[in-house]
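What follows is a set of structures for review.
Consider the two complexes below, in which subunit A is the common component and subunit B and subunit C are the respective partners.
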Partner chain A sequence: MSVGERDPHTGHAMTGHEWNGIKELNTPVPKPVWFFLTATVLFSVVYWVLMPAWPLGVTYTKGLLGIDQRTRVAGDLEKAAMKRATWTGKIEDMDLSTIQADAPLMQIVREAGPALFGDNCAVCHGTDARGGKGYPNLTDTAWLWGGDPETVAETIRVGINASHDETRVSQMPALGRDQILDRNAVLNVVSYVQSLSDSALATGGQADAVAAGKEVFADNCAACHGEDGRGSIDMGAPNLTDGFWIYGGDRQSVFSTVWGGRQGTMPAWESRLTLVDRKILTLYLLDLGSVRQ
Partner chain B sequence: MFGFHYRLERRTIGFVLAVMVVSSIGGFVEIAPLFTIDETVEDAPDMRMYTPLELAGRNIYIREGCYACHSQMIRTLRDEVERYGPYSLAVESKYDHPMLWGSKRTGPDLARIGGKYSDAWQVAHLMDPRAVVPVSVMPAYTWLGRTALRIDDLGLHLTAMRRVGVPYSDDMIANASADAYGQATPDGDRAAGVVERYGDATHVRSFDGDPSRVTEMDAIVAYLQILGQLTDAAGKQEAVTTGNGQ
Partner chain C sequence: MASLLTKNERQLALGISILLALVGLAMAGAGDDRAYAAHGILIMVFGVGTAFLTISGYHAPEPPEGRLAQYYDDPSKVGIVLAMGWAVFGMFIGDWVAWLLAYPEMTFDAAWSSFGRLRPVHTTGVIFGFGGNALIATSFHVMQRTSRARMPDQLSPWFVLLGYNLFCILAVSGYFMGLTQSKEYAEPEWYADIWLVIVWVTYLVLYLRTLARRQEPHIYVANWYYLAFILVVAVLHIVNNLAMPISLTQAKSYSAFAGVQDAMTQWWYGHNAVAFFLTAGFLGMLYYYLPKRAGRPIYSYRMSILGFWGITFFYMWAGSHHLHYTALPQWVQTLGMTFSVMLLVPSWLAAANALLTLNGAWHKVRDDATLRFMMVAALFYGLSTFEGSFMAIRPVNSLSHYTDWTVGHVHAGALGWVALITFGSIYAVVPWLWKRQGMYSAKLVEAHFWLALVGTLIYVFAMWNSGIIQGLMWRTYNESGTLAYSFIDSLIAMHPYYVARAIGGLFFLIGAVIGSYNIWMTVRATREDSREPIADRPVPAVARDRALQSGE
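This part shows the complex of A and B:
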C-alpha cells in the first residue's frame, strides 16, 4: 500500500497507515472550516489597518479610524454635559433660594437628587436621609450648623472635621475618659441633659442629680451648648433641648457621649462633586425636609 | 500548501521546530506591548508609596479576598467616570504588586474610595455592613477589630516590594514596624517619623478609633483611605479632557 492510494468508496486519499488490515483515510479539512479560518484572518488584517494594533518601538500603529478610548470617553462626557447644559447652567448661576421658587428646576432637582444622594451620602445618612446612630437625620428641623440653603451647601463643600482646609471643626471632649469630670459628675450632668428634653425628670426621683448636674453643665458644657442647652450653630454644638439625638438619647448613650466625647466626621465634597452636584444635593435635602413636615 | 504541511508532518524534528515558531508568535504578540511601556505609562512625579501600615492593610485586603467582589479600576466608560471619578491610569498601579484591578463587581469599585467616607464609617461598615447599608450583601469582618496587627515582619514585606521595584529606602525598611505603629498612634513619639519618611500628605491618626492598640482594622482602613490618593495624575488628566465630572 502506498501514500498515493485512494479509497475506492469515497475517493479520498489514504495516509498509508495500516493496523491489522484497517487503513486510515486522509480526509480533507471540511470547507466551512477553511471558510471561517480565511474569513477571520482577513478580518484581522482589516482590523489592524483600521484600529490601533501593532507596537512600533516607541509608538504604535494608530489605525485609520483614529479611535482612542480616552478621547471617546471624553467625548461621551462632553455630549452628556451638553445635554444637561440647559439646566446645569441655570443651577450653577442661580441663587439657591431662587431655584427653590422655580418649579421646573426643582422638578429636575427631585429627579437628579436621589441618584447623587444614593451614590455619595446614603451610606451614612441612609437612603431615606433619616440618618442612624452617629449620622444625623437630614429630614428633621434640627441642623447642627444651620439649615438655610447657603449653610447646608457650605457644609457639603467643606465637610465636618474633614481633611478640607476650611473644614468645619467641632469636637466634643471626652469629659470622663480624660478625667475632666469624675464619674459622679458625669452621671449628674447626664441626668440634667436628659431633663432638658424630658421635664418630668427634673421633679422625679432624679431631682437631686438634675440639680447637681445643672452646675456641672454651667461650668463645663455651656461654653458650646449655651447656658440654656440650646446649642450653637456657630460651633456645631447640638441643641440638647429639642428631643433630636445623633448618638441616642437614652441614659447609656448620653453617658457614652459625655464620657468618651464625640468627633463625628463628614467628608468634604468639594474635590469629588461639582458645584452643580452640591447645589442639587442641598436643594434635594431641603426639599425632603419640607415635604415630610 | 497542503503538500508542504503534509511533508512537514512526517519529519519529527522539523515539525517540532515549526510548532515552536508558530506558538512563539502568540507569545511575542503578548510581550511586545511591554517594549513601549515607558511611552505608554503616564508620568506621576508626585506618586507616593504605601506606608508599612497601608501595605499591611493591602495584604489583609488580599487575604480576605476583597478583590473577589470589588474591582479597583475605573474603565474609560462614561457611566463609570460619572459614578466613580476619573478613569484609572496605569501609573496609579505602579507600586501595586500584584495589581488588584479585578474584573468582578459584586460591590462597587474601590479605586477612588479613599477619603469618600469617614474612618468611623469604614469601621462600622466592616464590623457590620448592614448596620449602615441595610441592603448590603457584604460579609462582616468583625475579627479585624479585635486582632492585633502583626507589625514585626513589615520590614521584610517592604524588602520584598523593593526587590520588585518599589523604591523604599533603607531607612524606611529599618523603621517599618515603628512607622506602622506610629501611623496609627497620632499622639505617640513615633508619629513624626512616618510623616518625615513618607511625606506630609500621609494620614496619621487612629483609624479604628482606639489609639491604644494597632489592630488589623487600623491597617485595612488606612489602606482603604489611601486608595486613589497616592497621586493626582488622574485628576489632572480629567481636568484637561472634560472639565465637567457631573
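This part shows the complex of A and C:
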C-alpha cells in the first residue's frame, strides 16, 4: 500500500503500516483531548502547589495551604469531642442511679447505646442482647453476678474469666468427666435440676430419679448453687430454678453441662472502652431489660 | 503433541520434566510442614506427567520441515481451553463467595471453605487462571501474526503455558490448605513465586525473540501493550515478593518490607497489577481482535501512541490512591491522587480509539455478538477508568473506600472489561485457530452476550447501591454526636444487595458455561473450513488475499 492512501469511509489519511490486514489511519489527536489533558495536568500542578506533594530528600514540599492530614484529624477529633462534652462530663461524674432518673441523659443513652453495643457486644450477646447458646441474655432478670447498676458496670469493666487482674472468676466443674460423680448420679441430678423449673417432673415417671438427684445435689452442687438451687452471686453460679438457661435446659444440654463442666469467658472492657462508654452500656442494658419486662 | 517437537526439544523437555519431578520429590521428602510436602508431591506429579507426555512422542520421526511455513498455534489452542476451564472454576468460586456474604453459614463448617480462603481462590482463579491463560494464548497468536514470523522454537511456549498453570495450581491449592503471604493478588509463597519468575522471564525472552524475527518494519500497537504487560509484571512480581523463607523446607516466609513501606510496595504492585495485567494485556487483545473482526483500520495511530505512553507513564505513580487517609505520608497520597486524575485522558483515548475504529462497521456490531462483546468491553473500560480516577480523589475516596463501591468498581472492570474483551477475542480466534467457518452456534454466542451483560449490570448496580449506603451509614451521627449505626446494622442493610449480586454473578457464570460448551463443540466439529487459509502464514508466504480477512 502506498503512503497517502485514504480511508474511503472516514476520508482520513492512512499511515501506510499494515499488519496481517490491520491498517491504521493517521487521524490527528482531536483538539478536545489536548484540552482535557492540559486541564488535568494544570489541576495537578495547582494541587501540588497548594498541598503536600513532592519529596525533597528527607522532607517534602508542604504546600501553600499548610494542610496536614494529621493535624486535621486531631482537630476533627477534638471538635467532635467538644460537641459531645455537653453530656459526656455529666455521665462521667454522676452516679448510675442518678442518671437513670435524668430523662434527657437517658435519651442520649438510648441513642448512643445501640451502636456501642452492636459494635462491641453483639457478636456474642446478639444484636438484641438476648444472647444465645453459651452467651447469656442480658435483658432478663437472671443475673450471674447481680443486676444492680454498679455490679453490672463492674462485670463489664473486669470481665469474667478474662485476662484482667481483677476479673471475676467462676467455673462449673466437670463433675462427670473428672469422675467425681458416676454416670447414674449425673443422670439423677440432671432430673433434679430440671425439676427445679419444671415441677411436673417431681411427681411423674422420673420421681425416683429426682429424689435421688436431690441428694446428689445437696452434696455436690449446693455449695455453689445454694441449698435451694437459686444460685450464688458471689460465685457467679446461676439460679437453676428460674427457667432461664445459658447453655440450654433440655436434658442433653443439662447433662453436657454437668458432665463436662462450663467456663464462659466474657472479655474485660476496661482497657478497650472509656468509662463513659461502659456506663452508657450498663444503663442501656438495664433500660432494655426494664422495657422488656 | 510431543511428536511435533524436534528431537532436541524432546530431549530438553524430558530433562526439564525430570528435574521438576526431582525438585518435587525433594520438597515432598524434606518438607517440614504438610502443606509444603503436599506441594512437593503436586510438583512431582506434574513433572512426571509432562515427562510421560514427552515420552509418548519421543521416538516419533522428526516433524516435517513444512511446519516452519506455518504459525505455531498448538499452545494457543491449549491455552484457550485452559482459560475457559479456569473461567468456570474461578467464577463458580466467585459466586460461592458472593452467596457466602449473604449467607455466611455456607462454609459448611470446614476450614478450606471459609471466606478467607475461598476469596483468594476466586481472585487468583479469575485473574491469573482465566485472564492469564487468555493473555498468554492470544499473545502467542497476535505476536506471530503481527510480526509475520513463526515462534523461534516450539518448547518455550509450552514451558511458559504449562509452567504458568503449575504456578496457578500451586497458588490455589495452597490457599485451600491455608498457605498465604497475605498480600492481595500476591498470596502464593516463596517457592511458587520463584517458579513464576523463571516462567515469566522465559515468556519475555520468547516474546522478544519472536519480535526480533519480525518481517514487518514496524511493531504493532498490540505488541507494545503485550510487551508492557510482560515486562512490568516481571518487575512488580519480583519486587513485591522479595521475602526470606523461614527455612528451605517450609512454606512460610517473611516479607522484606514492613509497616507502611510494605503497604506502599504492596499497592504499588496491586495497582500496577490492575494496570499492566488487567489493562495493558487486554488492550493488546482489543487492538488486534477488534479491528480484525470489524474489518476496519485503527482510527488513529497518533491516539494509539499518546494513549499508550500516557497509560504506562501515569499508572506507575497511581498506586498510593489505595492508601488514602492512612499512615502513608500525605505527599505520597497527593501524588497518587493527581496522577490518577491525569491518567483519565490517556485511558479514554484508548477506549475512544477502539470505539471510533468501529466507524463504518456499526451494522456489524448490531448483527455480530462477538464484535458486540468487544464494543461493550471498550465502553466498560471507559466507564471503569472514569470511575477509578474519580474514586482516587481524596474526599470521594473517604466515602467509597472500604465499601462495596470498590468491589463494584473492580467488577465493572473485571466483568465488563476484562471478561467481555476476552470472550469476544476468544469467539473471534477459536474459528481461526481451528480453521472452522465460525462458532458452533451463533445463537449461543448471542445468549452468552446477554447473560454476561445483564449479570454485569446487576452486579455493578447492586454494589453501587450497597457501597454508597454503607459509606453513608458509617458516617451518620446522632444529635448527641455518637454513631447512628453499628457495623452489624450496615451488614443487615447490605443483605438484599448481596443476594442480588450473587444472582447477577450466577447469570455471568451460566454465560461462561454456555461459552465453554460452544467452544468445545466448535473444536470437536469435523467440518473443516473449506476456504484455503492461505493468508494465515508467516513470511515467506506469497501475497495475501485481502478479501479473506475474516478467515485469519
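Just so we're on the same page, the second predicted complex is superposed on the first by the 263 of 293 C-alpha atoms of A that agree within 3 Å, B and C clash if a C-alpha of one lies under 4 Å from a C-alpha of the other, contacts with A are read in each partner's own complex, and residues count from 1 in each chain.
By definition in this document, contacts are C-beta pairs under 8 Å (C-beta built on N, C-alpha and C of every residue); 3 or more make two chains touch, one makes a residue touch a chain.
Computed from a predicted model, the values in this text were never measured in an experiment.
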First (subunit B), second (subunit C), both or neither touched by A:60: both
Which superposed partner A:207 touches (first subunit B, second subunit C, both, neither): neither
First (subunit B), second (subunit C), both or neither touched by A:51: second
First (subunit B), second (subunit C), both or neither touched by A:272: first
Partner chain in contact with A:223 - subunit B first, subunit C second, else both or neither: neither
Which of subunit B and subunit C A:77 touches, first, second, both or neither: first
Touching partner for A:87 - first (subunit B), second (subunit C), both, neither: second
Contacts of A:27 with subunit B and subunit C, given as first, second, both or neither: second
Of subunit B and subunit C, the chain that contacts the larger number of subunit A residues: C
Which superposed partner A:40 touches (first subunit B, second subunit C, both, neither): second
Contact residues of subunit A, present in both the subunit B and the subunit C interface: 28, 54-55, 60, 69-70, 80, 84, 119, 122, 127
Residue numbers on subunit A that touch subunit C, as the complex places them: 7, 9-10, 12, 14-15, 17, 19-29, 33, 36-37, 40-41, 43-44, 47-48, 51-55, 60-61, 68-70, 80, 83-84, 87, 108, 111-112, 114-119, 122, 127
Subunit A to subunit B touching residues, read off their complex: 28, 54-55, 57-60, 69-74, 76-78, 80-81, 84, 88, 119-120, 122-124, 127, 132, 134-135, 163, 264-267, 271-274, 276-277
Interfacial residue positions of subunit C with respect to subunit A in the complex: 145-146, 148, 216-218, 220, 288, 291-292, 296-304, 306, 310, 325, 329-331, 333-335, 337-339, 341-342, 344-346, 349, 356, 359-360, 478-489, 535, 544, 546, 549, 552
In the complex with subunit A, residue positions of subunit B that touch it: 2, 32-33, 35-36, 39, 76-78, 81-83, 85, 87, 115-121, 124-125, 131-134, 235, 241-242, 244-246
